[in-house]
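Two complexes are shown next, each including chain A; its partner changes from chain B in the first to chain C in the second.
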Partner chain A sequence: MQVQFQENDARVNISGEFTFTDHAAFRDVACRLFQAKGDTIVIDLSQLQFIDSAGLGMLLLARDEASKSTRKLVLSRPQGQVRRMFTVTKFDELFTIQA
Partner chain B sequence: MSVVPGLQEHQAIRWDGVSEDTLAQSLVAPARACIEAGLQIDDGAGDANNGENRLSLTVSIQSIYRHAIARVFLLEIGHRLALGQELRDRIHTALHEVLLNAVMHGHVQLEPGIRDSLGGFEASHEAIKRQLASEKCAHKRVVIEAQWNAARLSIAVRDNGVGFDPNSSDAARHRGSGRGLLILDAFCDSVTYRNNGTVVILGFEL
Partner chain C sequence: MFGFNGNASAAAVADIPKRTGLPAAGGEDADREPHQGAHVELLQSWMSLAEMQQRVIRTLVVEIQQTSGFVEKEADDLSGRFQRLALSAQQQTGRVNSLTELASCIEVDGKAVKIEEIAVLLKDTLGDVVEKILLLSKDSMSMVYALSEVNANVVNVEKCMAQLEQINSTTNMLALNARIEAERAGAAGVTFRVVADEVRELSKATHALSVTMRSELKAVTEGIATGNATLQRVATVDLSNNILAKERLEVLLGALLRRGNVLEGIVAEAVSEAGLISADVDGMITGLQFQDRARQRLEHVIDALSVIGEALEVNRQNTAGVAPELRELAPSDMAWVTGLLNRFTMSEMRSRFAAELLRGTPDAEAHREAVNDGAQGSIELF
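This part shows the complex of A and B:
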């Protein structure tokens, strides 16, 4: 998994694959996002090629932790396999997803 | 890589377990069976009497945790069989989830709820690494067997773990936390469980 932060750390682009082995990297991403100012933080998934069930679980945990600080976590532009995973697991009912 | 003694060269190849690159090299045709170094030959490995197209891979659960086994295995299947991108994504996803499940639920035991926080995720991986390095897991392995014809691809995944019942309340809990079973049902054209869940057969229409 590769990451690139933008907009004073309120937005992060995640590319490559997001799987169960990326737990440490994602924890660092989440920590940095939660320190950003503003009510909304965005994870841009347009360059993410693959996600597994562990990655889905980590996104849900990040959402829960964001809400503790009254922030809203938005998932942006999922593509291909990632979008299909979101559809199957009804992530559109659990997150705000930007097309 | 090396040829398994006693078998024809095209029947079984040893993978050194070092990297995904050496695994990819070991799987190249005309190999029909590949076995990680240090593991015993599985029954039926290199069976030359079965004329159906097939490819099998026997790996340790440690390697499943360390390497992208599903991606490399599918890459070789894709060299032997025409697969569109959508079907590749479905096969990759399903096979990856079965292998992940074999490690997380078939061979290691985690404290309930340990993965209920991002910090807990990291702690769970430390626990997984310790268990995988233990003597208990020294001989644990998974066998992936792909067979195909013009109409259908079947991938059977067998492991010598504790197994599980996909219809049990435990499985429902897994479904809630990992969503793996839900994903298998959605991404495969068929999913069959046998031998107390130690064998999972994924079916795909071509």
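This part shows the complex of A and C:
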């Protein structure tokens, strides 16, 4: 997994594959995101090619953290396998997903 | 039957010379004798024709009777076959109706369950499985993070333990030094020596406690490491394929449902067609009852022909009675008889007519063939 922060750390682009092995890196990413100012945090997934069930679990944990601080977590532009996973798991009912 | 009066006919024939002005047979007028021979010959020709017509009528009557019997038997046979066909069509309709149920339902524990219901049940079950996988993944990752935190805490505790042991070692050294100094002081250092001994005992107890705590901490650390390893094995199991299996199964279920609907449509058409076939067959059975009317009509035709034949015979005999010289028949005009026979394309019918008309007696072999043909329902193709 590769990450790139934008917009004063309120937006991060995640690319490559997001799996269990990225859990430590993702914790750091989440900490940095939640330290940013603003009501909305955006994770851009347009370059993400693969996500496994652990990745979905980590996004759900990030959502819990966002709701604790009354902030909105937006998942942006999922493609391919990632979009199919979101569709099957009905992520659109849990997150705000930008097409 | 037609009220034909044989005597009246005889009188009419006897009256021919008067009405026509022709000389009677064996007449007196010598001037008319040249014509008389021709008239006799002409009348003999008519008599021959009448005799041949009688044969034709007799043959026709037999032919019509046989044909009527043949038609009646064939119609009965066809009617029986169509009735069996109607029964088969009804049974086929029943089987096709069973197919409708098979196409839309399957039997589970003796109860018919619709495929749509199975699809909904499977979809709900798979949705539940996916939901649980998500929950499991989230909780696994939550535990991974929690154990990671605990692990960091344990490392901090180990550092504290090391500091504590260092402090205890220093305390023990201080107690030892204090004891040495107390010995040097002699009687004045007695009290100080007691305090030094107590501090040393305290240091020993602290060291023993420290050893025990380190041992316990080691067990906790190993337990956390083992739990973390186990959790990581669980959390690293990728369930994304299991999640996407729901997608594939939904596609398969959709295809199954579409196939079921198509099959149901085809079966419905088959039921409709089977119903139409049954109706047509019933109509054919009803239509085959024409043979009753046909038989009655043919009986009337036979009756009419018989009357005509009888009338010809009476007229011929009366004529012969009045004019005996006409008993001798003129040779039959075989040209028209041959022409008639040549019109028949069925060889066995031609044989029967030839036997009757040419020889004047029925052809037993041909007659037997006709009867057999009727019994077997065979048809001569020509």
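The working rule: the second predicted complex is superposed on the first by the 99 of 99 C-alpha atoms of A that agree within 3 Å, B and C clash if a C-alpha of one lies under 4 Å from a C-alpha of the other, contacts with A are read in each partner's own complex, and residues count from 1 in each chain.
What we mean here is this: a residue touches a chain if its C-beta (ideal position, glycine included) is under 8 Å from a C-beta of that chain, and two chains touch if they have at least 3 such contacts.
All of these numbers come straight from a predicted model, not from anything done at the bench.
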| item | value |
| --- | --- |
| Joint occupancy of chain A by chain B and chain C, clash or fit | clash |
| Partner chain in contact with A:Gly80 - chain B first, chain C second, else both or neither | first |
| Contacts of A:Glu65 with chain B and chain C, given as first, second, both or neither | first |
| First (chain B), second (chain C), both or neither touched by A:Ala54 | both |
| Contacts of A:Phe34 with chain B and chain C, given as first, second, both or neither | neither |
| Touching partner for A:Phe5 - first (chain B), second (chain C), both, neither | neither |
| Doubly contacted chain A residues - partners chain C and chain B | 19-21, 23-24, 27, 50, 52-54, 56-58, 61, 81, 84-85, 88-89 |
| Touch list for chain B against partner chain A, complex | 65, 68, 85, 89, 92-93, 96-97, 100, 104, 115-119, 121-122, 124-125, 177-180, 182-183, 186-187 |
| Footprint of chain B on chain A - complex, ascending | 17, 19-21, 23-24, 26-27, 30, 50, 52-54, 56-58, 61-62, 65, 80-81, 84-85, 88-89 |
| Contact footprint of chain A on chain C as seen in their complex | 127, 130-131, 133-134, 136-142, 144-145, 148, 232, 235-240, 242-244, 246-247 |
| Contact set on chain A toward chain C in their complex | 19-21, 23-24, 27, 50-54, 56-58, 60-61, 81, 84-85, 87-90 |
